Amino acid sequence: MLRLENVKIVQDDFHLSADWAVPEGARLAVIGPSGAGKSTLLMTLAGFIDPVAGRMTWNDKDLGPIPPGKRPLSILFQDQNLFPHLTLSQNLGLGISPRLTLSAEEWDKVHAVLGRVGLDGMGARAPAQLSGGQLGRAALARALLRNRPLLLLDEPFAALGPALKAEMLDLVLETTAETGTTVLMVTHDPNDARRFADLTVLVAEGVAHAPRPTAELFANPPPALAAYLGQ
Amino acid sequence: MKTLSLAAGLACLATVAQAEIPIFTVLTYDSFASEWGPGPMIEKGFEATCACDLRFVTAGDGAALLARVQLEGADGAGDVVVGLDTSLTSKAAATGLFAPHGQPAVTGLPIAYDDPLFLPFDWGYFAFVHEKTLMAVPHSFEELAASDLKIIIQDPRSSTPGLGLVLWVKAAYGDRATEIWAGLKDNIVTVTPGWSEAYGMFLEGEADMVLSYTTSPAYHLIAENDDSKAAAVFAEGHYMQVEVSAKLAASHEPALADAFLAYLGSEAAQEVIPTTNWMYPAMTLAKGLPPGFDSLFAPEKSLLLAPEKAGDMRDIAVEEWQNALAQ
Amino acid sequence: MAKRLGPIGPALIGFAVVALTLGSAMMTAVQKPDWAFGPADVLALRFTLLQASLSAVISCALAVPLARALARRHFLGRTLLIRLMAAPFLLPVVVAILGLLAVFGRAGPVNQIITAIGVQPMSIFGLHGVVLAHVFLNLPLATRMLLQGWQSIPAERFRLAVTLDMPPSAQFRHLEIPMLRSHLPGALSIVFLLCLTSFAVALTLGGGPGASTLELAIYQALRFEFDLGHAAALALVQFALCFVVALVALRFDENPKFGAGLGREPAIPAPGGLRKILDGLMIFCAAAFLLTPLAAVILRGLPGLGSLPPGLAEALVRSVLIAVASALLAISAALSLAMTVARGTRWLEPVAMLPLAASGLVMGTGLFLAIHPILPPERLALLVTLLVNATMALPFLFRLLLPEARALLADYGRLSDSLGLSGAARLRLVTIPRLARPLGFGAGLAAALSMGDLGVIALFAGERSVTLPLLVQRLMGAYRMEAAAGAALVLVAASFALFWLFDRWGTRHAAA
């Protein structure tokens, strides 16, 4: 269970508070107007921003003192998910060993995961040689290799076309379902939330509201969400 | 880490060569100890008799050498100093870091010089050197100032020849020194930090004349077989540079120091001087000066301020020079 | 407190730099502090500021169009030309002056042409000569710093500009000005500070005592008057000046907000027509200005190669060893400081710039006084030289690395953190490969600067520690101008080879 207990985030004149929990294995959409703090919430969970109050726990373990790389989570950013000077295999290998000292079996695993996300045989390529969709797949593949119980998606597929984005989300669904990974996904598209998430967190007006079942939330939107949706 | 251990290795390299025989340290200026200077031959000659390991520690020039001695202070590692000149001796004496040399006075100077602390080992005259093809060579500072010849001189604040020049003008003209400098201002192409830059620029053709020594043409004649250079004779006389050696009070090897100063004044060491340091020896050599030196002129008038006077005059002379040229 | 000082390693490097620079001045001042500045000192201060400002402004004003032309034009031999044009900065000052004299001097080709068309010959001596020499020595550095700025603009941004059909002027406003705003203050302040401590150039080409610099006043106080207190006071004035300049530069220093690209080689739009001709002219003139004196150095040196002294090989090996060791030391320290400052430990930034204002003479003297009671200083000559050379090179490398370190942190800091990349692994996998270009260039610079530096070795030299520049000096002091020119050529070749090797390592590893 991911729990946020009275978490308060303050950055200059920006405020955000959250006080709720997500059950393990849930798929959660984080939706809200831009600038409301969706990304900030994820960055705080990932350890790049320290909350000024409250605590965050994963299965009762306090995340606060844990450095970003050691937290039980993987994060995909909007861009810059791969190092341009490393090959695809090397980028993925970092998911297994941050020192990039992999055994033969571990390299096999890297190549297997590449195949799993549809990038078979592209391990030697540099990121600059890949398309946007392929870059997203590669980043996802590394998250799979890291095999952390929590996956944070900060709109990594925002730049992709609808069909490609749907394909990527399906891939996320498929692969995380196998491992029972808890997924938090920032999105500004209600369709993504409906398609992907059983729970949705609305971030608006300085508050990240407690998650509610997605269908129910959209059927009966609170005023802030209604305003965002233009209803 | 690698760089650190490499550095330590380098430092060790410098210290390995420790011999069992006593180390005898001579503080001198760079060109004295260089391969082409008198250093190597004098080292060889002295080591043949002293049962010691002579080592040179060098500073840029005479002035830097004195600064080095002062930096080391009363617990310095040096035994003798070779290469101060007479414009520095009063200041050097005042440091109290030198001990009497106890050697007899030298006989080869055109003037009398007897100082309990400082013992001359060579000497020369400052002079303006030019190509022999130069028309209308000036024969005094006044003629030079009146001409439109271009000269390069050295800065008296950073070089011994430069200091020698301002003392030369001061010794020859006294209170008229400022006037002379004002007249020379438009002849001076530039002022260099040291002798070598000035001489190098002269050889490249940047000026008609350069401040150097009357013995400079002998170098070109003997070492390069080139007799195209000459030194201009100035009627007011030529200022002398007398280079001296001295024993340091802090010497750990005072007996060796005495022996070294005696050796430096001996025929064997003195005959090395003309063709390595390109100066006159401090004694009359039994076999005479090397061929080439005979073609040099001997100034009719030797100028040299007494050490105390040179010390007093130094600051005034430099200031006059600076004020006249900086305007 | 500990938090404000930042991580312990870089903080220690910072303290070491302060100790070596300010500390050595203090060590010198301990004798007897002397703050009585005469009119000559004031004059020296005024000339120092005047020539340094002119030199910095002119160097950078020329470097902008030159770097821009080099960044957007591609022609055969471009990489070679860029490397060659860095050469003047790597020249030992005395050699550079003689090279300039060979071209611009009384008997040089420039004056021959001028007199042939009936114009009065010009003299290289005077304020203009000092500025000319400083531009010659520093234009390469300023150009390289700005060229790296151009290369730091992601290719995507230029592509966007082309798509939007931005004319070159608009590109300049939207992409290049923001880059210049972050790179130009650094270049300006470095050239200014370099000229601030200039000694031989100002004195040799200045034409007289009116062209005295502070560094000369320090030299005079130290070596001629043996007035350590006065030397230290002058050195502290120089420090204060440096600090003011560094602070002003910091005020203008900001990060360009480009965001990362995919590491594609920038393809900067190259407009045709008149602009192409102007770019070509700019490159041609700069190359001629920077390379003809170099050619003169080579021509002068060739005959001397036949009469090289036997001690040359030994001195060469010694110089190369010191150069490589001090380059590695300097680049490691600079990288550590740049990454730490990029992470927000700001106090280290002015500290890293301190050595620029440090007088090598004062540093050497301070170290001498510190070492002397313990060991004969000449035993540590090579170690001290290595340390001082590394310290003197630090500011350049730091300036070079800082913008890149900031960009690296902005672009890949979170990604690296999120993957748990830290310590040696992060250095090996992210920092070094991403910063290979400035690291290689910086190490090359440090090595070459160390090769050409006469500096402290002159104060410490024993007979077993002759370096190549000292050998050149000794040859010149012994009338052996031809052999000196030959040895200087060997020195230049060795500096250049070292620079080239490091720089090539950088460009090789900066691929992708």
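Letters A, B and C mark the chains as written, and numbering starts fresh at 1 in each.
Convention: a residue touches a chain if its C-beta (ideal position, glycine included) is under 8 Å from a C-beta of that chain, and two chains touch if they have at least 3 such contacts.
It should be emphasised that the depicted structure is a prediction, and the values quoted were computed from it without experimental measurement.
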- A-C or B-C - the one linked by more C-beta pairs in contact: B-C
- Per-chain Cα centre nearest the global Cα centre, belonging to chain: C
- Query: If you average the CA atoms of chain A and of chain B, how many Å lie between those two points?
  - Reply: 79
- Task: Quick one: report the Å distance separating chain B from chain C, using the average Cα coordinate of each chain.
- Result: 35
- Whole-Å gap separating chain A and chain C, where each centre is the average of the chain's CA atoms: 46
- Task: Two or more other chains in contact with one residue: find those residues in chain B.
- Result: none
- Mind pulling up the chain A residues that touch chain C in the complex? 43, 46-48, 67-70, 74-75, 77, 79-81, 83-86, 90, 94-95, 98-100, 126-128, 142, 146
- In the complex, go through chain B and note every residue touching chain C. 2-4, 6-8, 10-11, 13-15, 17, 30-31, 33-37, 55-60, 63-64, 66-68, 70-73, 75, 77, 91, 150, 155, 157-158, 185, 188-197, 199-201, 203-207, 216, 219-220, 223, 278, 321-322, 325-327
- Which residues, counting only chain C, touch chain A once they are in their complex? 260-264, 411-412, 414-415, 417-422, 424-426, 429-430, 433-434, 511-512
- Message: Taking the touch rule as given, give the residues of chain C at its contact with chain B in the complex, in rising order.
- Response: 40, 43, 94, 97-98, 101-102, 105-107, 123, 125, 199-200, 203-210, 212, 216, 219-220, 222-224, 226, 309-311, 321-322, 325, 328-329, 332, 365, 368-369, 372-373, 376, 378-383, 386-387, 458-459, 461-465, 470, 473-481, 484
